[in-house]
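Going in written order, the chains are labelled A, B, C and D, and every chain counts its residues from 1.
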Amino acid sequence: MNRYGLPDEIFIRDKVPMTKSEIRALTLIKLDLNKDDIVWDVGAGTGSISIEAALNVPAGRVLAIEKNIEAVELIKANKEKFKCQNLEVVHGVAPDIFPELTKPTKAIIGGSTGNLQEIIHYLWYKTSVQNLVINAITLNTTYLALEVLNSLQGQIDAIQIALNKIKMVNGYQMLQSQNPVFIISATKQEE
Amino acid sequence: MNRYGLPDEIFIRDKVPMTKSEIRALTLIKLDLNKDDIVWDVGAGTGSISIEAALNVPAGRVLAIEKNIEAVELIKANKEKFKCQNLEVVHGVAPDIFPELTKPTKAIIGGSTGNLQEIIHYLWYKTSVQNLVINAITLNTTYLALEVLNSLQGQIDAIQIALNKIKMVNGYQMLQSQNPVFIISATKQEE
Amino acid sequence: MNRYGLPDEIFIRDKVPMTKSEIRALTLIKLDLNKDDIVWDVGAGTGSISIEAALNVPAGRVLAIEKNIEAVELIKANKEKFKCQNLEVVHGVAPDIFPELTKPTKAIIGGSTGNLQEIIHYLWYKTSVQNLVINAITLNTTYLALEVLNSLQGQIDAIQIALNKIKMVNGYQMLQSQNPVFIISATKQEE
Amino acid sequence: MNRYGLPDEIFIRDKVPMTKSEIRALTLIKLDLNKDDIVWDVGAGTGSISIEAALNVPAGRVLAIEKNIEAVELIKANKEKFKCQNLEVVHGVAPDIFPELTKPTKAIIGGSTGNLQEIIHYLWYKTSVQNLVINAITLNTTYLALEVLNSLQGQIDAIQIALNKIKMVNGYQMLQSQNPVFIISATKQEE
């Protein structure tokens, strides 16, 4: 049973910034997972998206790829907490590490450290990935992702989401904004 | 397997306004469905949320409650298209029709025609509903829903979502706004 | 010459929350000031809106009405800093203090402490105010303001503004959200 | 007296898309006009921003530069309607036409037809422009404007604004979104 968008508090996160619950849910919705998918989560950060993906591909596997060693430890801690046997934590830089890994059927890019185009091209041309979902918080990444994806002849879906939390404060309904996020996804066209 | 947030185009909708894909997905995420839930979709409109709920409670049932006869026909057409045996279409006004129906474990309120408080109170006090999710496009409904839910001692989660679609137009990445939506949910506290 | 939307940093503000530059500018735009207007700023807070109003009604006057004594001191400090001779700082509770004051031709309501309806009614019926602009950060105030104003037969204009600042961080264009604000204005119809 | 953000309806606009009232107001606020400024409005469209600028520089001048002949006619019609003697309508392509024109002290770029970098560079290096304000509705223009301006050592201010109109519909307070707009401004640093 699907459990996308788990509460933020249940993840171990330390000081690494974490994708918020609703954005995580929409990212995974866009990924359109099947039970047996092999998912790459490139720039996995806290691993919260990897965890939720892993919980939803019981017959598949998730590879959380992350270059930062503190983040790698955090993902491992979350893996243990959520008992995700099908989650593999990979310490390495994308796309350099890619040739060593089991090829994916779905991929998320949450961080790309200046290699976004190379990462997308590798995924698109050298794997049989069906869907690619990019989470971006900068205009640079969004702009570049759209330019690159647009040249690939896939089907693109791109949104910007601004979300306000409404909190009760002394009986008043106050709106608290979250920073907006871009979710860009591309699907290979059936031939 | 979860298929929340199906493409808008695959629903039959005629001229009845329809909840957009991402909002539908987040609404169902907030509903936190179990396989065997009995779901009421009050003010079901086109039935797009009912359909997605039904597809995700294979061992449960969804009751799409709708007062407008054209909308009822539309839901029936969608039920047929998506082959949802576990979706029951109920023509009637909420909350008057409620006593005749199988009690729900989860409920969505998409329309309330001036009876929002009565609908919430019935669901909260006269059924064993665990989660309640309200979709609102007006400040009136949002304000009232929060006031009523706040008095019920449940756990409230409320968000406003503004979503821009990014479309490629002559090579330019243009943002097209969608009207914002409020999603208000309440969960009964475990005693 | 108009100087709406002065930089936030030039105001003395201590810990009192302050309306942001762009919102302040739009609030004053909606107020549609004339050189000789008498402006009431009800719930003036830091006085930043009062100051900008005062600078733009050289032949008129601004009354900054505020019940909180720390805020009153802050407004006085800002008055001194900006050398606004035509700004009068009034320590008192609205609408109780209203009968003692020179009647306004324009009014802003930034805070109302539970008396919003009484404040609006006083302004509308017992003064010759032409425009009324309400800044709100809660759904309660927005909802109530619209309900009250809607009954007054004035011409209403209401907007919700969500503003993201774009900051360069290590060469990346990052979006940082501000909490959304509602600006509701009403204009008396010419008879 | 300032009259930024005039009602949209009072402009003649035909089918040319027009900057909305609040965005027009904020654009001019960011431009920080003095009474005697020479303003270039590059890609002036309907001319609504040119008109409001002209009304606010009584001792200065506005040059509305536009390549599209229908838009040029529209600006001329608006010039006549608003009796702006100090508004000059220039039919030509930017930046090719620039050397023929009186140098500006302030500039707005509302349209750039693929020449954004050249336009900015001309304004920054070959005129004594103090402020530059760019209105953008695409990510491409926003991204490029920020990249170019960032290299110029000016002081940059950039915002994205999402604005919802709240309309009363059958007693309900409904939110209607407008497409978001980016306003990017750069100010030359005093040396």
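Simple rule for what comes next: a residue touches a chain if its C-beta (ideal position, glycine included) is under 8 Å from a C-beta of that chain, and two chains touch if they have at least 3 such contacts.
Just so we're clear, the structure is a prediction, and the values are computed from it rather than from any experiment.
*Asks:* Counting residue numbers used by both copies over all numbers at the interface, does the chain C-chain D contact come out same (over half shared) or different (under half)?
*Replies:* Same-residue interface.
*Asks:* For the chain pairs B-C and B-D, which is connected through the larger number of C-beta pairs in contact?
*Replies:* More C-beta contacts join the chains of B-D.
*Asks:* Using Cα averages as centroids, what's the distance between chain B and chain C in whole Å?
*Replies:* Chain centroid spacing, chain B to chain C, equals 39 Å.
*Asks:* Between chain C and chain D, tell me the centre distance in angstrom, where each centre is the average of that chain's C-alpha atoms.
*Replies:* 27
*Asks:* Roughly how far is chain B from chain D, going centre to centre by Cα mean, in whole Å?
*Replies:* Whole-Å distance between the two chain centres: 43.
*Asks:* What positions in chain B touch 2 or more of the other chains?
*Replies:* 139-140, 142-143, 146, 160, 162, 164, 166, 173, 175, 180 - these are the residues of chain B that touch more than one other chain.
*Asks:* Within the complex, which stretch of chain A touches chain B?
*Replies:* Residues 1-5, 22, 25-26, 29-30, 32-35, 56, 142-143, 146, 150, 156, 158-168, 173, 175, 182, 184.
*Asks:* Give every residue of chain D touching chain A within the complex, in rising order.
*Replies:* 139-140, 142-143, 146, 160, 162, 180
*Asks:* Going by the contact rule set out above, which residues of chain A touch chain C in the complex?
*Replies:* It comes out as residues 137-141, 162, 164, 166, 171-180.
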